[in-house]
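Quick heads-up: structures coming right below.
After this come two complexes, each holding chain A, first together with chain B and then together with chain C.
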Partner chain A sequence: MEKESVKTKTSYFPKPYAVKGGRSMPKKKKRLFRKSSFREAVTGYFFLLPALILLGVFLLYPMASAFYYSFTDFYILTPDEKSFIGLENFTFIFQDAEFRQAFWNTVYFTIIVVPVQLAVALGLALLINQKLKFRIFFRTAFFSPVVMSLVVVSILWTFMYNPNEGLINEFLGMVGIPSQPFLTSPDQAMNSIIVMSVWQGAGFQMMIFLAGLQNIPNHLYEAADIDGANRWHKFWNITLPGLRNVALFIFITITIAAFKLLVQPMIMTQGGPLGSTKSLVYHIYETGFNYRDVGYASAMAVIFTVIVLIITIVQRILIREERG
Partner chain B sequence: MKKKRLIHRVTMYVILTFLSFLFLFPLIWMLFSSLKDEFQIFRDMSSLKAFLPPRPSEVEGGYFQNYIAAFQRVDLFDYIINSLIYTIGIIVFGLIVNSMAGYALARFRFPFAGFWLGVIIATLIIPPESIFLPLYVLVYDLGWVNTYTGLIVPFIANAFAIFLFRQFFLDFPRELEEAAKMDGCSQLGIFFRIIVPLSKPVFATVAIVLFINHWNDFLWPLVVASDESIRTIQIGLQYFMNEPPIQWGQVMAALTVATIPMLIIFIFLQRYYVQGLTHTGTKN
Partner chain C sequence: MKKFRYAVISSMLAVSVSLTACSSGESGEEALPSEPSSSDDNTSADSTENEDEGADDTVNTGDVETSVEATGDEDVVLEFWIHQTGEDETNVYIERIDDFNEAHEDIHVEAEVIIDDGASAYSDSINAALVAGNLPDVMAVDGPYVASFADAGVIQPIDEFVDEETKEQYVDSIIEQGTYQNELYSLGAMEASVMLYYNKDILEEEGIEPASSLEDAWTWDELMNNANQLTTDDRYGLNLFMDYDVGEWLTFMGAPLIWSNGGELISEDGTVVDGHLNSSENIESFEYIASLFEDGVVSESPGQTQFEEGKAALALGGPWIAVSAEDAEMNWGMMPYPYVGEKVSPSGSMAYAVTSITDHPQEAAELMKWMTNEESSIAVAEATGMPPAQASAFEKMEKFNEKPWSIMKEQVTETAKARPSTPAYPVLTDAFAQIFHAAALGEDVEKVAEQQVSRVERELRKFD
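Showing the complex of A and B:
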């Protein structure tokens, strides 16, 4: 019964409480409704044009090119001999065992990393978001891996994962666990990369969760205290719903970032052993640059973009549902 | 009751200290190993000494021998300069181009303004990983492979930065601009002499977001800067690591050097840094 009463309280939430960065929009002034003058239009375009041109040339045009190349047999070495081959690249994707493996590796990485990292980040944020001494120290500690680049982190962990004399195996040896072939066994390599990736990224999401936690109005907790709610009730009925939008945002960004997996396998395992860590983007990179098959690589890039697009659209729908 | 709370607090600190160690130990290990000689790195690895600095008497050849050797073996210094040119180039041009675009979208009414804003926001969805091949072909055709231009120019315009600037300028009071207009100041003059100096926080935030992104960039520099003379530090590290024989002490020194600029930014500009992050997270 107690739980019920708290639950009804939460429905009185002011709606857009969670994701509200910065100051509020100013009230529209009458000026804004004035018709634009020719001079204003010229000045506006003068300010906007450099950015528009750059985005057009270096983002939209390559995007369109990728789409176009995906229907051709474009090889880097023979750029002028590319010819239109229709859907051949796309039909080949379904027969390409390497693509299938890279695709499932990426999906596996994503479905493990996303919930684990989300949970770790939320846990850290909740731990830090208390009245504690050395709060800033703890926050900085959790955040410090974020400051390091993926390249640095990957090299460092390659050394730590070293089977013979790596740091982790040395310490496992001290507690009697035999040496593990972290990066050299097909069964463990991807999981080892996952552990490292969570370690590196969780601090980043923790910071965003912290900002979200600070946006939950305190009076809700006070009201819950008056109703005699315990820690658990408050967490379920105030904190979690209050973090919904932030969590959703983090969920989507981790998913997309995870789908772009490249640096870790490229540096730590070169996609091996037995292709067990080769990711989709890595496969695209290899096809394009090592085998110079731009046409086929572009077809895979198009598929990759469509997947990212779908994830983003799902995010939009979920957030809209929350607001509407 | 009081005892229970005390126990709760103590467990809290124990958990937090343990977790901090989990997050910090690779960093500590990297820093201290870079000061040790090759033999000692491996000797210390099987004990907690791995996380302690070496005693002066243990180090033959001085604390910084690995750093000196690493800098002598490869052009680490050049790689850092290249990284700085790359990131600072993007920041300087990016701040100008993106702030102007953000200002235009916040202040002026002109045909298709809403349409362009929509297009710019839509480009946020395009993952850079999906266009690096055609972008390489384009930059190749322009003759920009292995040039700073090829590294920098494609990443000057940044939809996210434009959006941040627009949000900031929307809230910026108009009175000053109107006063300057009365005094006969040109639109460009108003922007660079009045708006820019008064908008330091947003410029700092965008500069830091750009710095974090591009200092750690890997894919684009790897693709477009194949020549050693233009290699950035992140790419240099990868070559350093794959070049036998691996001297781990030197590798650790090089890793530390590559991390220092980010550490400096983080320590001294923490406020803006965190602001930049939370903007990334919540202003969507």
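Showing the complex of A and C:
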């Protein structure tokens, strides 16, 4: 019974966020294409050209050069003296304690942030989907951190986390909790960044969840009411399955975004204390710009790419299996 | 295709390089006559030397000389990059550049002001221009980075344009900072120092006598005891400004704690760290630092104005603390940097250097000398509150001949020591800062020192 209802429901969806989005579209497209003359095709590609050029210059070319640099000893002060050193950069990655630390920091951040942010976003979406007073106000309030610059947010939270005069510690002091070294203790710094990141990011996913919620046909709830389902039943059997595709999309994007963690540690802790908040991308940035070792930084960027690629592929495979 | 988003970041290296290159390329067009061709600097040096031999004699003392005659038929256009940390400071630079242009009919300087956020904004611009081959003729560089630029051949020695007499006008630490492998590469725009500031009211209350001259500077033990005594429930004894980034500040402020105990960051020739950075003397110093934090005398996150608000009785801070303390209308004073063995104090600040790609090294050196001469030194010192780079400027500025500023003068002229001159400096300074920070957090200093040593060793291998 349940499975069937899920299937019928999904077919109602316009699937804006479906992972295999546009499955139903190709038929139409093909027909269109067959009809179109060669000339029209050329015109079409001509329209594509600006985008292709931009992608080439700002995406493909830098990627290709990073790949090339990763096999060289490119030192930024002597750009003309770079020489091919084979896999040396790559073999060093496996001996680099800082890389290892940065890798596990990033993994830790991702593993915590993804479920927490997903849950918070869903919670907020459910909250503001109800017919509350000041609904618009809450929507704006929850969404506003998203439109703020991450740099600004990071600086603000740095002030709030300050042990001596920070807002959060002042509140803690009022209820008798001693001042916490949020960003200056190696044990707390990453968790403090996680809290701030969830606060900043969840608003965006909340909006997507909200769109998903409003796409669930009302008659399903009405039918459930007739069957005598309580709130919990409705949430578990209608709302959650209805949000499945949306949640999957959010899951993948948060994972990738979490892996790219850079701004927060850069602004708030400079990767410290004792490297406890150094993320992979920040380590790559530091190596390339501060220590000028573009060759090694590029090699790490290549490895980083592979890691993200693997994660994405694994996620897709898992999702596909579940769907089938 | 979200997965490709990573590329925006992972390819930042190349992208931002090409972006910045574009913008500096535009300004390069304005400076068409001097468009630096990457010709061999030896040949270009020769060609300009002949043209301007005369000019060299008239302005080489660095005095404000307006009687310079145009010697070449063609105008020389110099592109000049200056850093911006504060508006007053930048205005002084611009004024001095205008004066220079007026005084030199045959040289025209075009200045480009680049924001220096204290992190990497300014050096990112240099890196980008370097890769794109768009460096200016003269640029401001941070003092301790001179060696790495010199080693890579990005900047060129200026000994032939700066005679002994001119050199002697600078305080020793400026020449020390600008010298790499016995050749002079840079001249400092200003000096810097770290003083032990104190809150007069609090010290009086506690009956602690401040040191009033370099001679009776506090020892480490005195600092420890007094700072402990000054620490109360709602007040720290000492502020080390741990809120500044874990980076250059810790090396700048903290290195004398190593030096004074007979230790070093790196071997004299700047090639070996093992046995130097992790020497037993240094471990002792780091343990001294650790004990300051352990006893709760120093805060790990003091906030921006802990000293000015009276929440710290003492502060080891830069010259800018004098400015902010004065603004806060507090009752403050300054003492010399505490010592244990030799009396040493921090030094070094922004300096100018001539790039290797310039076609006019002589004129470029002329500009450098002008920007660091007595008049410029005084103007910059007044605008920034930093000590001047020229010894005579100290005599001419009344402020430095009265207490407490005279102590800063004594320190800059007598105990100032430049940070080590090594091409691996960017990694070395971070390594030092990491050990310092580990000490502050009560971590195993020896273990962290070993880790950092192997990191710097690897970096040093690049320069063999």
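Just so we're on the same page, the second predicted complex is superposed on the first by the 272 of 324 C-alpha atoms of A that agree within 3 Å, B and C clash if a C-alpha of one lies under 4 Å from a C-alpha of the other, contacts with A are read in each partner's own complex, and residues count from 1 in each chain.
Definition applied: a residue touches a chain if its C-beta (ideal position, glycine included) is under 8 Å from a C-beta of that chain, and two chains touch if they have at least 3 such contacts.
All values reported here derive from a predicted model rather than from experimental measurement.
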For this session: Spot which of chain B and chain C makes contact with more residues of chain A, would you?
Result: B
For this session: With the two complexes superposed on chain A, say which partner A:Thr305 touches: chain B (first), chain C (second), both, or neither.
Result: both
Exercise. Which partner does A:Asn290 contact after superposing on A: first (chain B), second (chain C), both, neither?
Worked result: second
Exercise. Is A:Pro273 contacted by the first partner chain B, the second partner chain C, both or neither?
Worked result: second
Exercise. Of the partners chain B and chain C, which touch A:Leu77 in the superposed model: first, second, both, neither?
Worked result: second
Exercise. Touching A:Phe142 in the superposition: chain B (first), chain C (second), both, neither?
Worked result: first
Exercise. Which partner does A:Thr91 reach: the first (chain B), the second (chain C), both, or neither?
Worked result: neither
Exercise. Once the shared chain is lined up, is A:Met63 touching chain B (first), chain C (second), both, or neither of them?
Worked result: both
Exercise. In the superposed arrangement, does A:Asn230 touch chain B (first), chain C (second), both or neither?
Worked result: neither
For this session: In the overlay, answer first, second, both or neither for which of chain B and chain C A:Met174 touches.
Result: first
For this session: Would you please give the residues of chain A that touch chain B in one complex and also touch chain C in the other complex?
Result: 58-59, 61-63, 65-66, 69, 76, 79, 165, 253, 256, 260, 262, 281, 284-285, 288-289, 294, 297-298, 301-302, 304-305, 308-309, 312
Seminar exercise, completed: Within the complex, chain B is touched by chain A residues 19-26, 29, 31-32, 34-36, 40-48, 50-52, 54-55, 57-63, 65-66, 69, 76, 79, 124, 127, 130, 132, 134, 137-138, 141-142, 144-145, 147-153, 155-160, 165-167, 170-171, 173-174, 199, 203-205, 207-208, 211-212, 246, 249-250, 253, 256, 260, 262-263, 267, 281, 284-285, 288-289, 294, 297-298, 301-302, 304-305, 308-309, 312
Seminar exercise, completed: Within their complex, chain C touches chain A through residues 2-15, 18, 120, 123-124, 127, 130-131, 148-149, 151-154, 242, 245-247, 299-303, 306, 311, 426-427, 430, 434, 437-438, 441, 443, 448, 451, 455, 459, 462
Seminar exercise, completed: The chain A residues in contact with chain C across the complex are 58-59, 61-63, 65-66, 69, 73, 75-79, 97-98, 162-165, 181, 183-186, 252-253, 256, 259-260, 262, 270, 272-275, 281, 284-285, 288-294, 297-298, 301-302, 304-305, 308-309, 312
Exercise. Which chain B residues qualify as touching chain A in the complex?
Worked result: 12-13, 15-16, 19-20, 22-24, 26-27, 29-30, 42, 45-46, 50, 97-98, 100-101, 103-105, 107-111, 113, 116, 119-120, 123, 125-127, 129-138, 153-157, 159, 162, 167-168, 170-171, 174, 187, 191, 215-216, 218-219, 223, 234, 237-238, 241, 248, 251, 255, 258-259, 262-263, 266, 274, 277-284
